[in-house]
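Labels run A, B, C and D following the written order; every chain starts at residue 1.
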Amino acid sequence: MQLGVLGLGRMGRIVADRSMAAGHDVVAFDVAEEAVADAADAGAEPADSISDLADRLDGDKRIWLMVPAGEPVDAALAELEAHLGSRDVVIDGGNSRFQDSVRRAESCPAAYLDCGTSGGPASAEEGFSLMVGGPEWAYEAMVPVFDAVATGPAGHDRMGAAGSGHYVKMVHNGVEYALMQAYGEGFELLADGRYDLDLEAVARTWNNGAVIRSWLLELCEEAFREEGTNLGTVADRVEGGSTGTWTVQEALEQEVPLPLIYTALAERFGSRSEGRFSRRLANRLRYGFGRHEVARND
Amino acid sequence: MQLGVLGLGRMGRIVADRSMAAGHDVVAFDVAEEAVADAADAGAEPADSISDLADRLDGDKRIWLMVPAGEPVDAALAELEAHLGSRDVVIDGGNSRFQDSVRRAESCPAAYLDCGTSGGPASAEEGFSLMVGGPEWAYEAMVPVFDAVATGPAGHDRMGAAGSGHYVKMVHNGVEYALMQAYGEGFELLADGRYDLDLEAVARTWNNGAVIRSWLLELCEEAFREEGTNLGTVADRVEGGSTGTWTVQEALEQEVPLPLIYTALAERFGSRSEGRFSRRLANRLRYGFGRHEVARND
Amino acid sequence: MQLGVLGLGRMGRIVADRSMAAGHDVVAFDVAEEAVADAADAGAEPADSISDLADRLDGDKRIWLMVPAGEPVDAALAELEAHLGSRDVVIDGGNSRFQDSVRRAESCPAAYLDCGTSGGPASAEEGFSLMVGGPEWAYEAMVPVFDAVATGPAGHDRMGAAGSGHYVKMVHNGVEYALMQAYGEGFELLADGRYDLDLEAVARTWNNGAVIRSWLLELCEEAFREEGTNLGTVADRVEGGSTGTWTVQEALEQEVPLPLIYTALAERFGSRSEGRFSRRLANRLRYGFGRHEVARND
Amino acid sequence: MQLGVLGLGRMGRIVADRSMAAGHDVVAFDVAEEAVADAADAGAEPADSISDLADRLDGDKRIWLMVPAGEPVDAALAELEAHLGSRDVVIDGGNSRFQDSVRRAESCPAAYLDCGTSGGPASAEEGFSLMVGGPEWAYEAMVPVFDAVATGPAGHDRMGAAGSGHYVKMVHNGVEYALMQAYGEGFELLADGRYDLDLEAVARTWNNGAVIRSWLLELCEEAFREEGTNLGTVADRVEGGSTGTWTVQEALEQEVPLPLIYTALAERFGSRSEGRFSRRLANRLRYGFGRHEVARND
């Protein structure tokens, strides 16, 4: 199959490479010329522009967008629009907000598939998990490419109507935050607790047969191996949070309680603020009623 | 009534002063000689030692202990023991663990009242809230003193059997942590939110008629008035936590969920740790799967 | 001062009555004719319609809207629009979303004050706490009415620009949820704990001098007095939640962690769902790894 | 190697079977005669009593206890005591509290290994994860058996001194509760959210390449496959909780915040109570200040 890949960052490049490895022909474009040249070296047909990419695709066009969520997706779709017809298929493989995907699916002249992609750059060799939303025929048409990009047939599925792929991915990420925090709490207690433990050995032992074994726990094991049992210079600051925020927002609308996911998200916020106001007030209130000494900054 | 007051720190001194103001005779002792002298200046009869204090009490002895929880209470009781009989009454007005009070009530030769005391030094003028556990006759015998030390008859009551006074006080403190944190969250959002607000004015407006008005909110108002709307140099560090810890421990045994009280306690712990391990691990894991840059300490 | 009161439910009626008691003239309208008749019996000048109410106001018009948040506010403003000029003042005293108030302030021909009102029907006699946002001159012009409707001068203040009144009220309500849950947790532990306690006596003792005394705790005391220490037939279901949801949504945007407020909101959601899916899955997973028996519904 | 296995429930039987499959000789005892007979059918040497089991072991004795935590472990050790010397090794493979293991290690005449065992009955074929605490020589002596019972050499390790094996297992279980709840929250949002999803397909897609893939997620997939996407008759009630309780208790002592693990534990408690008092009070308080209707049980 001939596939246009638009966006050749780490993730887009993996889509291109895995597709080519499975025998598909890839036409590749990115705003960074170097990225296009690199993809061409790897066997892709280079395009100069989004229009050029569209023109180079024969017959029914199949295009995989792998650009940052938000504006860039709308910009790419705007440029593609004139080239697309109802038998074409566009896939958005990025971390788009599901409401945006619903809107885009309605306005795009082609069939539109929103495709939540999990596994990250680290999964280049094994393949990704792909959660796809959109028309069934379009999903079926893309199965050969999904088979190549995912871990195989079990690594992709059509979740439902437009937006459902990114919806399921959004929830996936909310769960991911909570899992990371859950392991973090356990290791924090082990690190600060009453035994002097080798946390890499703990993680390795758990990864071999324990109920809580997982890929994230393998990444913990790797982290302790590479950084040391006390995590060396790794700082107490967690970036990111947009998909977790969306998950909580959706749950507020649906009135579904997510105490763990919310708390994991709040920990990220807390890690990025200096001098939490709530704690400063609590410190001062203890003086207010009990005349306890107030801790002060110099 | 003649009352022995053992322990003349801020709280013990208030017990002595309020009792004397109500016409009771106070015999006072503290390991700090200066504190005894000060109390004598205020009208109390000074004692040289615990034994001396006991000897100076005529008839059925009534003794109020106001010493730090734990060892000091047991030490005082050990010294008093030889002087006590079954018609005497000992009150422990400190923040003792309720299980200790149950144990002491069993071994003390006198009737033993565990008395949770709330209000703190700031309540010297208005009087305290007293939650009392122990034998009904002993509680009744002490009512004149309780009337004086509390805000009046409505400010003290017998909760139930031995230990119940400190049990109710323990739970009071758990609730207190959560209330402080709840106000703190609200003010944190106001401080970091999208309007430039005068938090003293907010607190004052709330304290005059709003559903959430309270004494703690009056202390917030005072804090903003004295420290400024941004709390000035007040640090992000909250000390204390033992009664909150006991509350959560008891709730674990009773299988009662206390998510807010627990979280408020955990915020205190978090405020006292540098470089939360769980967040450092989350930071590193984001690199593990997504090759996101790792924030590092220099 | 002459004041138009639009909306004569429990809260609007209190605005009218307290204003009249302070010597102001009230013109009153409600879609329910009976409510208008009742207000007229109490001394208000009745109006037949919103237009009629506007026409009956002499000089610069001062109108207090006390209608349900959302559509009804926009509908009332649409009808008023033709009657309003730049020297008139409209107050929205309901629980509007602050973003709506910002939008309305921009489009309303009159000066627009968003006024968060706390205290509820139970505060009819003492007066409300009023948090006001909007132009300073308009706030100043309304001070005589605010003095009447609030607990007095200390019970109202201008928070800041348009929207700030409802913003502060939104946060007030988020805090309110957390305070209710905090007291609830404490009483739940006392109710299910190891002593047989009279919770009305506990609440009364606390309300007289304890650190956690508050109006909400007085309402707890009242609840135990009226329903009994086990709360009788009161069900395990908490309605409401919109202002708490807005608070959390705003905090997500501001990246401010609100673990207690969120958890209190989530408890409400949880109280309204039957058969929490997360727990059902946990139940089943314990069979999955441990062959523990699965609890099942008949 | 000759190994005594004391306790032939599901887990003890797996220890015996996997040891025999690896070529070790097993002497087996259980208070249930049938269990002994079954093990004998499978190739073990049956013992009549604990003493008899000890007598049948030649040379340095190696004994694996797999009995319920608490009293049964102490009872077995009391009976074994007279038969044990300093060159013998006893392993406690159950879910004992780590403080008990420290105490037993001090009093046991033999070397004592506390061995946290994870994987559960479902892991019979793959082997367990074994976290071992105690003297290094004793751990080394038992490696051939650990290799057989675990997933292999990577599935067991010595964590540290006495108690550390059960300590790490305790924390493992705390993390396990949080992971289960985290997945549960995600699936609850998907089940109650805005798409009609096949949760088995979601879980399968995630298990093939997604960041959150894990063994627990495979068990979720299995649960949806066997029970249906809505989990059929599975009830909203989660049993268990002792190891999670211990984890939180230890974290309270160490002052380490565990908000997710605590919340997951509290969800279990909540699932087992009828009519949460805190919610009933919140329901009633909304009437107190706002005259909202009180939901009541019939």
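What we mean here is this: contacts are C-beta pairs under 8 Å (C-beta built on N, C-alpha and C of every residue); 3 or more make two chains touch, one makes a residue touch a chain.
For each chain, UniProt lists the protein as follows: A, B, C, D = 6-phosphogluconate dehydrogenase, NAD(+)-dependent, decarboxylating.
Every value quoted in this text rests on a predicted model; they were computed, and no experiment measured them.
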- With contacts defined as at the top, give the pair, A-D or A-C, that has more of them. A-D
- Task: Select the chain at the greatest separation from chain C, using centres from the mean of Cα atoms.
- Result: D
- Task: State, to the nearest whole Å, the distance from the C-alpha centre of chain C to the C-alpha centre of chain D.
- Result: 48
- Note: chain C sits from chain A at a C-alpha centroid distance in Å of 40
- Gap in Å, rounded to a whole number, between the CA centres of chain D and chain A: 33
- Note on the structure: Among chain C residues, those touching two or more other chains are 119-120, 123, 181, 183, 185, 188, 192, 211, 215-216, 256-259, 263, 267, 270, 273, 276, 289
- Task: Determine the shape of the graph in which chains are vertices and touching pairs are edges (line, ring, star, complete, other).
- Result: complete
- Per the touch rule, the chain C residues reaching chain A in their complex are 211, 241, 245, 248-249, 252, 255-259, 262-263, 265-267, 269-270, 272-273, 276, 289
- Query: Tell me, which parts of chain C touch chain B in their complex?
  - Reply: 118-120, 123, 126-131, 133, 150-152, 154-157, 159-161, 163-164, 167-168, 171-172, 174-176, 178-179, 181-183, 185-186, 188-190, 192-197, 201-202, 204-217, 247, 250-251, 254, 256-261, 263-264, 267
- Which positions of chain A touch chain B when the two form their complex? 10, 119-123, 180-181, 183-185, 187-188, 191-192, 215-216, 219-220, 222-223, 227, 231, 233-240, 259, 263, 267-268, 270-271, 273-286, 288-292, 294-298
